[in-house]
Amino acid sequence: MDILSYFNYWVVMALMMLGFYIVIARGNLVKKLIGLNIFQTSVFILYISAGNVYDGAAPILAEGVEAYSNPLPHVLILTAIVVGIATTSVGLALVMRIYESYGTVEESEILEQDEAC
Amino acid sequence: MEIFVDVVLLSMLVATAVALILVRGLMASIMLTSIYGLLSASFFVTMDAVDVAFTEAAVGAGVAPLLLLMTVALVGRREERTVSRHALVPLLLVTMTGALLIVGTLDMPPFGSADAPANQHVSPRYLQHTEAEIGIPNVVTAVLASYRAYDTLGEALVIFTAGVAVILILVPGDGRGTAQATLPDPISGDRQGIVHVVSKILIPFVLLFALYVQFHGDYGPGGGFQAGVIFASAFILYGLLCGLPAVVRVIPPTVVEVLAALGVLLYAVTGVLSLLGGKNFLDYSVLASDPVTGQHIGIIVIELGVGICVASVIIRIYYAFAAHLDRQRV
Amino acid sequence: MSTALHLISDAFLLAGSFLLLTGALGFLRFPDVFSRIHACGVTETLATSLILLALIMKSESAMPQVKLLMILLFLMFSSPTAGHALAKAAWNAGVRPRDNRNERGIPVPPDNL
Amino acid sequence: MLTVTVVTILVVMVAGLGRAFSAHNVFDRVLAANLFGTKTVLLIAAISYLFGSADFLDIALVYALINYISVIGVLRVTEWQLAGRREGRQ
């Protein structure tokens, strides 16, 4: 078995888990969103890696090119990136409002205040 | 060589992600996120995904860190050291899930094989028929704007909805939220500084480049999504330099809101027009006597719709964030 | 492409790579923020120009050459400006250069922002 | 010779990354990110010749534009924070 033929997928899994770890183990809400971003990017890398064809060219039709990379994952991921920033900004807006109400963005302190009520 | 660059870039990505876990402080995290975006876009380039790299370049290295920064400017860069009683539980959970996923990857077809299931199904059809049916060289744009235009309409609507959600969350209902901050920006004093002069020279070129990306998307990498983000970045740069009131004078928030809706509407109306012509929703063949010309027109129109929608949503999000910051600073 | 042009382009690439390495060395080893900005900024501008010019010589058609020229022009504007802004922001934030006596010998200007 | 350049750029990127990890203040990290951005422009331009596709140059161009915007953005926000802190002290 060739290690290189699976290297990309392993990197994807490693990134996914690192992002996941940040989301569940860090208390800061902004940091959690950053972790979510890493998780998201790992999915992008998975799709693009799966669509790559060895010795293939970019999917822009040209003379004398026989193999192209798969255009479908590119389409899905391209839109997902822009949707990702839009949804991330919704998350950030919520963080700003939480800060306004609680005066903190640390999960533990927010929970403490909730329990004190 | 391609494999070598690929391996080095991916290793750097993992290193950056590990550093993001280890580092404390949000400013440092954001700078690392920006580097992470640059790296992943370089990786997309080596994978021949030019359009994706384009988008990631504009979003991951530009807009995303800027929005994160504005949030951090409000909430402070402090990051508490989490004293969890169950510090081992997340680690264990992550390790186990990761191990299971890696075992799962062993069943996947080797990286780069042309006969992998993912590369079989519809993709060869797109590649073979794009030239005859759509008549543009960039297959990604053809799939995005014509074959799977219905998907893309959904994505544009999600972006629009996200913009609406940000407005609902951050803009107060009594009308004073719409960016009429009158306080002078503490840093806008030196209007003649080097940064100001150079940026003012560069902003028109950024806008021009955005237009090139918008209308060149049929022939090379680019299209509405990328152009929208680049266009919005130029406005954000102007806002950062001259303060929010200056940008709001250029495009008032209400105009941006109307434009965002107009972009989506342009897209949907194109679909309805093709329905009226007796074809399927978003089948552009009816827009001209020649089906291929019809496709050309349709793709340009809906890419324009997407571009307007994305640009105005991101500008509106920036307005909402900046106005919120200004209000909190008073 | 003629052999002479090929050789010149290769020489440019080599010189550019060398400068990049020296810049990275300065970035890693210099003692304070300002000297690091200096190391990066100065080598970067020349190295970037050399490498991009070499690439312009290597390309046969006009369109890539124009694009490379635009990248070069743009970096010529933006890279020094970014360096300047960075140094100014660092100064305003109270970071001061370190001098040889290992103390803050340079007088701090009054805080008049 | 292009291969040498690409490898050099990658080495410089690794060095910059190491610095970004170990830096003690914000400005070092911003500088690292800026260095990274210009190196990415060069890397993409060099790769496009190595792999023989001129389409990549558009991406290098967008990097040159966006990198500048993000560096200016970071610096503005740090200045905001400092100004806020100064006002808080007074």
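Think of it as A, B, C and D in the order they're written, each chain with its own count starting at 1.
Everything that follows uses one rule, which is that contacts are C-beta pairs under 8 Å (C-beta built on N, C-alpha and C of every residue); 3 or more make two chains touch, one makes a residue touch a chain.
Treat the numbers as computed from the prediction; the structure is a model and nothing was measured.
Interface comparison, B-D versus B-C: the higher number of contacting C-beta pairs is recorded for B-D.
Once the centre of each chain is set as its mean CA position, subunit A and subunit D turn out to be 20 Å apart.
Centre-to-centre separation between subunit B and subunit C, using Cα means, comes to 29 Å.
Look at where the CA atoms of subunit A average out and do the same for subunit C: the two points lie 32 Å apart.
Under the contact definition stated at the top, the residues of subunit A that touch 2 or more other chains are 57-58, 60. In subunit B, 30, 48, 50, 70, 72, 186, 195, 199, 202, 205, 220-221 are the positions where the chain touches two or more neighbouring chains simultaneously.
Counting partner chains per residue, subunit C shows two or more touched chains at residues 74, 78, 81, 85, 113. Pairwise, the chains that make contact are A-B, A-D, B-C, B-D, C-D. Residues 1-2, 4-5, 8-9, 11-12, 15-16, 18-19, 25, 27-28, 30-32, 34-35, 38-39, 41-42, 45-46, 48-49, 54, 57-58, 60-61, 64-65, 67-68, 71-72, 75, 78-79, 82-83, 86 of subunit D are the ones that touch subunit C when the two sit in their complex. Interface residues of subunit B, counted against subunit D in their complex, comprise 1-2, 5, 8-9, 12, 15-16, 19, 23, 27-28, 30-32, 34-35, 38-39, 41-42, 45-46, 48, 50, 53-54, 57-58, 61-62, 65-66, 69-70, 72-73, 77, 186-187, 195, 199, 202, 205-206, 209, 213, 220-222, 226, 230, 233-234, 236-237, 240-241, 325, 329.
Of all residues in subunit B, only 186, 194-195, 198-199, 201-202, 205 touch subunit C in the complex they form.
Those residues of subunit C that touch subunit D in the shared complex are 9-10, 13-14, 16-17, 20-21, 23-24, 27-28, 33, 36-37, 40, 44, 48, 51-52, 55, 58-59, 61, 63-64, 67-68, 70-71, 74-75, 78-79, 81-83, 85-86, 89-90, 92-93, 95, 111, 113.
By the touch rule above, subunit B contacts subunit A in their complex via residues 3, 6-7, 10-11, 13-14, 17-18, 20-21, 26, 29-30, 33, 36, 40, 43-44, 47-52, 55-56, 59-60, 63-64, 67-68, 70-72, 74-75, 79-80, 82, 84, 87, 90-91, 93-95, 97-98, 101-102, 105-106, 108, 110-114, 116, 118-119, 122-123, 126-127, 130-131, 137-140, 143-144, 148, 151-152, 155, 158-159, 162-163, 165-166, 169-170, 219-221, 223, 225, 228-229, 310, 313-314, 317, 320-321, 324, 328.
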